[in-house]
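In this document, chain identifiers A, B, C and D correspond to the written order of the chains, with residue numbering beginning at 1 in each.
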Amino acid sequence: PVRVAILGASGYTGAELMRLLLRHPGVQITTLTGERQAGRPVAEVFPHLASFGLPDLVKMEQVDWANVDFVFCALPHGTTQDVIAALPKTIKVCDLSADFRLANVETYAKWYGHAHKAPDLQREAVYGLSELNRTGVQNARLVANPGCYPTSAQLPLIPLLLAGQVEAQEIIIDAKSGVSGAGRDAKQANLFGEVAEGIHPYGIASHRHAPEIEQGLSLAAGEPLLVAFTPHLMPMSRGILATTYVRLKGGATAADLRATLAETYAKEPFVKVLPEGIAPQTRHVRGSNLCLMNVFADRLPGRAIIVSAIDNLVKGASGQAIQNMNIMLGFDETAGLEVVPVYP
Amino acid sequence: PVRVAILGASGYTGAELMRLLLRHPGVQITTLTGERQAGRPVAEVFPHLASFGLPDLVKMEQVDWANVDFVFCALPHGTTQDVIAALPKTIKVCDLSADFRLANVETYAKWYGHAHKAPDLQREAVYGLSELNRTGVQNARLVANPGCYPTSAQLPLIPLLLAGQVEAQEIIIDAKSGVSGAGRDAKQANLFGEVAEGIHPYGIASHRHAPEIEQGLSLAAGEPLLVAFTPHLMPMSRGILATTYVRLKGGATAADLRATLAETYAKEPFVKVLPEGIAPQTRHVRGSNLCLMNVFADRLPGRAIIVSAIDNLVKGASGQAIQNMNIMLGFDETAGLEVVPVYP
Amino acid sequence: PVRVAILGASGYTGAELMRLLLRHPGVQITTLTGERQAGRPVAEVFPHLASFGLPDLVKMEQVDWANVDFVFCALPHGTTQDVIAALPKTIKVCDLSADFRLANVETYAKWYGHAHKAPDLQREAVYGLSELNRTGVQNARLVANPGCYPTSAQLPLIPLLLAGQVEAQEIIIDAKSGVSGAGRDAKQANLFGEVAEGIHPYGIASHRHAPEIEQGLSLAAGEPLLVAFTPHLMPMSRGILATTYVRLKGGATAADLRATLAETYAKEPFVKVLPEGIAPQTRHVRGSNLCLMNVFADRLPGRAIIVSAIDNLVKGASGQAIQNMNIMLGFDETAGLEVVPVYP
Amino acid sequence: PVRVAILGASGYTGAELMRLLLRHPGVQITTLTGERQAGRPVAEVFPHLASFGLPDLVKMEQVDWANVDFVFCALPHGTTQDVIAALPKTIKVCDLSADFRLANVETYAKWYGHAHKAPDLQREAVYGLSELNRTGVQNARLVANPGCYPTSAQLPLIPLLLAGQVEAQEIIIDAKSGVSGAGRDAKQANLFGEVAEGIHPYGIASHRHAPEIEQGLSLAAGEPLLVAFTPHLMPMSRGILATTYVRLKGGATAADLRATLAETYAKEPFVKVLPEGIAPQTRHVRGSNLCLMNVFADRLPGRAIIVSAIDNLVKGASGQAIQNMNIMLGFDETAGLEVVPVYP
């Protein structure tokens, strides 16, 4: 089996990688790192994984890279660039951080507040929106796994922009996320008492996922564009719902948009266009790698409303990362990801 | 004290009227009706109100109207028109249903599927968006209390349309609501297991609150308009957050919009424009009659994002109804409504 | 593959059977019944299962039993006895209702308010607490799948009673359950607004799972016994936690109890005794067939506290049912149940 | 008005004191301290209190004690003893920490890991279980406000022990708490993702509220006793439910216990014994100073089950603290506490 290391295994995306990889027929998790948690067994860090025979967490410096074939990097952004630059070049990598998602290192510097530390690697990195960049991922050594919000927004919008059916300069994305997207670090803002029974927007017009979305949509539109992007934090552990408002272009109707998406994703195992009139719900993808989407006519003439739903920890992070690994290594693309949603 | 009857007291808005009126210095709750619950004490229907000396529920036909000075009508729409038409004309009424909100009875017929049963009363009814129609409410015998979504959307948008600062024909309202807005009737869709840990839109482009919003905004804009309005159901008991996307008009900036709202509501006890950059959260109004709002510049040039938050059961229903009663009867407008939000 | 029918597929246990059986290597779901939902596709009844190629729901009378090898019966109690009595005797059955759990039909009549309709079948039925009755299940045609609370309580208590380490006549079980245990029928008491942000006990000293627990514990103790059993309803969709208070017997200590359980379940794939001092949490078994347990010394001398956690829909219902099917049909006992818990 | 200072105002109990005192007719909040938050306006620390004209937070050293008549001390335990010892002796104090709850300073030292720093003050301090120690509180300068769990457990148990109706040496308290009881400090264990959708016990046989409960019950029983006490953390923001299992004594029945409690609390505005057979729910006291209780016969002969419910932040902390202030200062005992529960 392929020997897999998860760097930064003590966060939620790390746990989710373990959950899914434990049932992957072709890999074995041989290495887990966690700088602060080094020396602790998984049973202490993630008790729900206690009974699955996983290795203890170690420090990065303790890893024998000769025993690693593939690396998932789930470290905080910023540190990731140095870490990946130091890995043996024979190891393939899927990076779940934001460190290699922005092709333009100046855009990165502007949004992340420091110069990119590995511009050469950035040139090599392939953006891993699996369904829409399969060939790129296939040939990549380093894949930048897309962000959760960007995945939910780009999967429906890129095909529509490519088809010239929506106006590029006026896309409005209203997104709602569960709390696990904020990570597992102790922060007052993410305490149960601060999050339960309420909702609020955050990072209005300033969230770091905006330039990532704009990068992908600009490419599809063939022109630079900005988006309105408003993320909201709401009381659920998992899930992202993106409600996207678009102006129709070239006489297209909501039904045309739906048809474009249905055709684009007709054979995809993970992306599903729902029957006409049925709205996606995040709870219907919970725990799975699915993305549900649909298109609705708007009351405003000449406009449409697109709704897409993913599990932010699966299709929005660890699931898509494994999907990318499967593509990179030639596994069946659904290996380890044949997880049925958990409901209720 | 003013003797108050609550018709349809067994739902959430009925309970909320009781909670607030119990601490109103000028009224006494003398009558509670509930057709299916008639004969039962409040302690059985709403155990949290057991110890406050409220009367038992009775059938409408048992009410002695000579002992009633003011009626809150919290009945399902449709039945309300007949009930209010049959009341003695000496009794003032605040109706929490949708039955008298649409001034145009043909619009009503179209959206509610049957002819309006009391068009004369409809002509008499005054739309009770308290802060923006105080004089009308003052002189009314019958007030149509606004819907929850329309309250959250119109309070920020009407002053901006009046000021000519936002384009009228392109308003996009993305709203998120707690579950109590769906009422207390047993419906599978509102079970804990169906609502927890997820979010979904519903009634896309077809929700009955759309024409109510459009009626108010059209008046303010001086031209007929439609809105994009997408409500979402999310796992919290109380609260509505409206995230509204507008195109700026006549050179106005987001700061200008904020200034207009700040000036409009400067002396209002219940409507608060937050400091620049601070986003409203529904949990900060929970249990109170407050409406929090703010305006943000959009990444899309020439556009702004407005965020408003209310408790759907208070400012979005029972609280605003009491505010209207206070105005109609000459009480201090804040009587019974000096409730501090409950957090966490 | 074994052709499986799920009778009463429109409830939560039905959905959970589908979720797990879809990944079972040896079975195929060929029949789903639902009297009220007959004619509807699974996609409408359970949208999260839309993309997995399941058959539409049919009425029971439409089923061709010649095409069915194994039946899971997830019908309401009461109707189940007639239904199973009418099935061809060649079909093996695992019944998830309470209809065949009480060996004594008079006890059944007392607690369920009507005479047992199939006493012959009752004599044949085998109680399917998998780990503790494996041989019985292996030879059974009809297995009565244990209730959720009884599973959580009996798995730790039966070995301790067999070992003579706890007093039989003074067992106190304080249990906390998620809402899915109450089913998917529309009931006001299970609305989100009625369940969120609170907890309460119900059925104190009168819950129908009490005699089921007492039946199993009496057998293990070798003497008839009663238990204190207080179930609580709390705001989570899945999970049961049982906190059990026992008096130690024959000089046993909490450590002795822990050792007995550790030995009993040493080789079990699904039942895990946690390290000393670590308390089970329901969220660590969510979505899985695991039962976690542990024993703690009490401050009261001569007493101990036992804590056990299961997912009520998996080990407490559909998972254990599949485990029983695996035993009955000679599959690997973990087939279809190798599901890692979903956290968070 | 009485000038009130809240020391340690940035936690949940501080916020709750503000919420309630803002509507108290006889006091004015003049001073709020918060060492880490000093200099910040309340609007930043607790946005839900932004519009109520509260003073900014200051450091303790900045307080002019000449302008303070009454102090609520909501500081972490340990630091409290020094702080209160340094206050002018003319100021009356209600302390919400655990620092003065244990009359025996050796017991304190054993459970809190350091010698008591103000044994003289400890001798002076009065335990403020309001209903059961009214005279003591009336004459106190320093009141130790009871813990949340101890309040929920002692209110029903003390009268029953005084009446000799329950065995003293075998009391088992199974308690379930909302998350706000764990405070507002950033801790991983209290993140939304770690608490939602699950329940677990903690501090089994080792929670610091056990000796506090035992102190009160021992006094009532007239003999030293220990209790079994198992707290559980569950996904709600507010509320404690205590399910208590007792052995009956001297021929008493569950009905006798209920009668004793009904008589004890017949005239109390905040403590209510529910009608026979009705179980208390925490959601029916949310936001209020109520304690609901009831007694049920057990299936185990000679035993009974007592259920009590409070809001941990109100009757379990800030509400009872204000009740104690009212008693100490001669206000109407319900002043500021006439808050109707918020439901749903």
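Going forward, a contact is a pair of C-beta atoms (placed from the backbone, for glycine too) under 8 Å apart; a residue touches a chain by one contact, two chains touch by 3 or more.
Just so it is clear, the structure is predicted and the values come from calculations on it, not from any experiment.
Enquirer: I need the common contact partners of chain A and chain C, sorted by label.
Expert: In this structure, the chains that contact chain C and also chain A are B, D.
Enquirer: Please state whether B-D or C-D has more C-beta contact pairs across its interface.
Expert: Here the pair linked by more C-beta pairs in contact is C-D.
Enquirer: Would you kindly say which chain has the C-alpha centre located farthest from the C-alpha centre of chain D?
Expert: Centroid comparison gives A as the farthest chain from chain D.
Enquirer: What's the distance between the Cα centroids of chain C and chain D, rounded to whole Å?
Expert: 39
Enquirer: Centre to centre, by mean C-alpha position, how many angstrom separate chain B and chain C?
Expert: Their C-alpha centroids are separated by 45 Å.
Enquirer: Centroid of chain B to centroid of chain D, CA atoms only: how many Å?
Expert: 36
Enquirer: Multi-chain contacts only, two chains or more: what residues does chain B have there?
Expert: In chain B, 12, 180, 193-194, 196-197, 235-238, 281, 283-284, 286, 344 touch at least two other chains.
Enquirer: Along chain D, where are the residues that touch chain C in the complex?
Expert: Within the complex, chain D contacts chain C at residues 169-170, 172, 174, 176, 178, 193-194, 196-202, 204-205, 210, 226-230, 232, 234-239, 241, 243, 245, 279-284, 286, 296-301, 303, 305, 307, 309, 344.
Enquirer: In their complex, what parts of chain C are in touch with chain A?
Expert: Those residues of chain C that touch chain A are 12, 15, 18-20, 22-23, 43, 46-52, 180, 196-197, 237-238, 272, 274-275, 278, 281, 283-288, 290, 338, 340-344.
Enquirer: Using the touch rule from the top, collect the residues of chain B that touch chain C in their complex.
Expert: 12, 179-180, 184-188, 190-197, 235-237
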